[in-house]
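Please see the structure below; I have some questions.
By letter and in written order, the chains are A, B, C and D; residue numbering begins at 1 in each of them.
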Amino acid sequence: MHKVALIGAGRIGRIHARNAALHPRIDLSAVVDPVDAAAQSLAGEWNSRVTTLDDVLADASISGVIVASSTDTHLEYSIRAVRAGKAVFCEKPIDQDLQRARSAAGDLAGSRLFLAFNRRFDPNFQALKARLDDGGIGVVESLQITSNDPAPPPPSYVAVSGGLFKDMAIHDFDMARWLLGEEVAEVWAAGSCLVDPEIGRLGDVDTARTVLKTASGKLCVISNTRRSGYGYDQRIEAYASGGMVRADNVLESTVQVFGEDGARADRLQNFFLDRYAEAYRREMDHFADMLDGAAPRVGYADGVAALALAEAATLSAKTGEVVRL
Amino acid sequence: MHKVALIGAGRIGRIHARNAALHPRIDLSAVVDPVDAAAQSLAGEWNSRVTTLDDVLADASISGVIVASSTDTHLEYSIRAVRAGKAVFCEKPIDQDLQRARSAAGDLAGSRLFLAFNRRFDPNFQALKARLDDGGIGVVESLQITSNDPAPPPPSYVAVSGGLFKDMAIHDFDMARWLLGEEVAEVWAAGSCLVDPEIGRLGDVDTARTVLKTASGKLCVISNTRRSGYGYDQRIEAYASGGMVRADNVLESTVQVFGEDGARADRLQNFFLDRYAEAYRREMDHFADMLDGAAPRVGYADGVAALALAEAATLSAKTGEVVRL
Amino acid sequence: MHKVALIGAGRIGRIHARNAALHPRIDLSAVVDPVDAAAQSLAGEWNSRVTTLDDVLADASISGVIVASSTDTHLEYSIRAVRAGKAVFCEKPIDQDLQRARSAAGDLAGSRLFLAFNRRFDPNFQALKARLDDGGIGVVESLQITSNDPAPPPPSYVAVSGGLFKDMAIHDFDMARWLLGEEVAEVWAAGSCLVDPEIGRLGDVDTARTVLKTASGKLCVISNTRRSGYGYDQRIEAYASGGMVRADNVLESTVQVFGEDGARADRLQNFFLDRYAEAYRREMDHFADMLDGAAPRVGYADGVAALALAEAATLSAKTGEVVRL
Amino acid sequence: MHKVALIGAGRIGRIHARNAALHPRIDLSAVVDPVDAAAQSLAGEWNSRVTTLDDVLADASISGVIVASSTDTHLEYSIRAVRAGKAVFCEKPIDQDLQRARSAAGDLAGSRLFLAFNRRFDPNFQALKARLDDGGIGVVESLQITSNDPAPPPPSYVAVSGGLFKDMAIHDFDMARWLLGEEVAEVWAAGSCLVDPEIGRLGDVDTARTVLKTASGKLCVISNTRRSGYGYDQRIEAYASGGMVRADNVLESTVQVFGEDGARADRLQNFFLDRYAEAYRREMDHFADMLDGAAPRVGYADGVAALALAEAATLSAKTGEVVRL
């Protein structure tokens, strides 16, 4: 059993706590959070103990640290944990600021840091990737990534989110890199404020289309909206030289109701905590593999690369010009 | 161009008139109907002429006769046309009375009579048959045939229809024979009156399940209701030793509307004139092939065999006992 | 936390052990199995202890017993546990012998025994039931239950299974009762041996269709085969006065691969341990509710009623005659 | 019956000839083609006569002209026919050169010219439009138009086609305008040559993504490839403030084959002559309505507007810069 500490007892921290505690190779040994009540409650739920980050880093029996604290602490805590010799499970994004993220390369490049882009661990997207990798439909040429939220966040969240491209599309930039198998050379993005004028007043957009192009000419379109009106829409289509592979949405059940006006399928599975529940479990399983010695499948460099695309898209949407990387 | 006469200018006669008139190898030369206005109207629509059955049979230039008159005349007109040397396109059923139908064997067995079971000519069911015939999923073992009408006919129609099994399920009995590739040895049927009590008062049922079994043990279930509440449901599933092949319903369009409560597909294509429009065209094309010399793909013997199953099912539903053929 | 003992450390016992151990309101306190190694291994996995049934029944701190031992012990262990004042979670079937099952009525009728028909707890079938119960599509009139195994069991299993109707279709008989909301008055079944001649030599069938009819005329068809050739096919269609509701199969992923020959969806989710994993979890959740005081949602009487239908179907398939209950 | 002349007896001319000849309100009176054999053959097929354009224009009994000749003659023949007082059915595009097309405004703006963008008449896209127009899902905000050909045309065709944007995407530009209900203000396009290097040597692209933005911020993505590897992919998704509506592909049949590796649906309906057969019929029906006095639903101005978008996209793909209209 690998002893692990969790930093951050908020919404996503609670998910990782549960998955760590129930994992057969992981012992959720400690919980750290500046809000003592949150830490106590979560630790109590899983027979863990409350402690401080300093204690965690000093405790040689703890081999892994899960960084699920606020975004602005991801870099600092990750660096400290890596320096203390821990394996790190770091929530996305690596940071909101590209320059700052890059400045950590000395510590984090090549380190045992797993940057937890959950969608790479979704069974459906993994199945899609496997179909591409088995070569049956040839070489991937272009992608269509659709990623729409059911309803917009409150303006207070938008204000500190880093904007649609860094907050929401960053997942899609990572998926694009993972599936294209090539780095992006050009970014062009168009954004509009169609959902909530308050989002526009904050300088952000709520509806966007981004086009990525690699050096060899592969193309990727990312479609985002903060409010779909029909649920959490998470789909990918990958076009290859010999066909196409698609990962469709997950529904709440397989039930269809037939009436005079047609058959109605069930709703899309609700938002990310439900939609990616299995992905979060698989992330923890990968972290257990890392604690057993495996290299991280997504690391610091991936986090920086996705952030660079998000920054480029933000710029392109503002200027209307293509950004060349 | 083969000259053809149509007997019967009713609803189904008008369909066949159109398909004959537009067929590049057929000339709709004459229309016969006891209601002169109906005959005149239809003949006028397609530049045909109104005449009598006697004239048609005596006219050596007419090589084919389409019998789309009332059911009780199918046998008599078919026999007369066959005796006159015409190729015959006869609407289903061959007759409502099994004994009478069998008594025509001397004239009709092996004759150039095409018994027009439209569903054998539906592109979807033909595609299903082709998948079975190409052997890719092995030997067929059982069938599920679903055949539900959108809404019940008026009681006046039910009263003269011959009952659900002869009027409605007769199509399904023919499909079963066609797809099983073996004759049925046992019939068991259960019928209920759940839709309209008036149908029950007329001695008929409006909801039924029929199970057919061949000598080698292949099984077929036929599901029928006079009122589905969700449109015209026409589906077949064929289970084979190496898989299953299914022909699903045809929808009015491919449009789906996504909302908070799920995605709604379009309605099922409305009733038989729409659903089987292409099947009727392909029937006429087959009749053209017959006029060119081909043998009928469905004939008198098939009409009698389907009727025998319908009569057995009617009896079984009444007695509750299995009927062995 | 409710202390619970598990009787039976075989395949299904291991599933229930895991779900009990991980349940927040249940403490898997003891494991009993005649094979000591199996008991030790399973107890070790979940920090439980190995003991005997006598000790379990004598231990007042244990409030619930899970009976997952061999079928022939279900009745005896359930009776003993009920007499000892325990709540009982009993695997299906209640017994293979209808007379013997009925003779336990004095002890078990109305008792705190939960007969664990897993499919009632499947999210998809629960969603289907909810659509029927909410009244939006009127009154249920008929059912189509499809329940096909991917591949036949070994003859040694078939020999002691009680036959297809008691072993396999018993789930479907329970579903039919649950969804029809009426008791079945007539049973007619047709069985064939098309998959494995050895099954036939053992006096059993491997392919069957059963038709159930209630007193008011509602109809249900159950389709079973021991070998589908395309996976574990578990579907239900419920036809009502105002429409139809369908629960379709669960696929391994939402991925579709498009090629020149069409789009291929992913495989059906493999066999019952995968397909009904969530159902088993929900069963344990219901058992926790019972330990909190709730009445069992499926009980002894349901087990006997399903067994009576299985026995009637077995008889009908042998004699070819309808069996009236 | 309205007498109509067809100019152009090539592939698309033959489609229109058939639909005109079979239309109950249209008489295909004359066929014109510089290749006499082609004109004779087609006229013979439909009992029409071969003549010249001059004769057609001088013949007062002819009220409509179908211009299905080579693209470079569309403008000239349309102008001559309009001047002669005829209603005009003109194949797309109006021209390959935007300046020349615009220069015809004096003759064609507001004229009785129907510019035949076939996709507006496809039943599926019409159903999608109707769902948007009925207001049930609110105001349209963005579009995803997917339009992929099964296989690339020969380089000789590409060389004179005007390029991917004018030849292929022009349909999609028209769809975007029709569905967005607003004029496009900005165009950005990315093109690659991934399919056939010869296409690149000719200065064209074979894979492209175009993003359109209206003044109010509505967004539209158009995805094109000359070779999909899986058939003729023709889909539209329209995202609105209260949901989404999608028109999916049309398949050759509803048949699905289930095997161990999943269920395979039938192929996509093959290329445009099959996929849009009904659209071509509905175009002719609209032309009959025009001959009865109706105004054209798509006219000269629409042809020019789509061409302007195609020209902008061509420029954007070359320069990498956004083009503002």
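The criterion applied here is as follows: contacts are C-beta pairs under 8 Å (C-beta built on N, C-alpha and C of every residue); 3 or more make two chains touch, one makes a residue touch a chain.
Note that the structure is predicted; figures quoted are calculated from it, not measured.
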**Report entry** Over-half contact-pair match to A-D, picked out of the listed pairs B-C, A-B or A-C
**Finding:** B-C
Query raised in the report: Comparing centres built from CA atoms, which chain ends up most distant from chain A?
Result: B
Requested in this report: Return the distance between the CA-based centres of chain B and chain D, expressed in whole Å.
Outcome: 39
Report summary line: Whole-Å distance, C-alpha centre of chain C to that of chain D, is 57
Query raised in the report: If you look at chain B, which of its residues touch at least two other chains?
Result: 137, 229-230, 242-244, 258-260, 263, 266
Report summary line: Residue set of chain A touching chain C in the complex reads 22, 123-124, 127-128, 131, 136-137, 242-250, 252-260, 263, 266
Requested in this report: Provide the residue numbers of chain C that touch chain B in the complex, in ascending order.
Outcome: 137-138, 141-142, 144, 146, 148, 186, 188, 190, 192-195, 207-209, 211, 213, 217-219, 221, 223, 225, 228-230, 233, 239-244, 320-322
Report task. Would you pull the chain D residues touching chain C in the complex into a rising list? Result -> 229-231, 251, 258-268
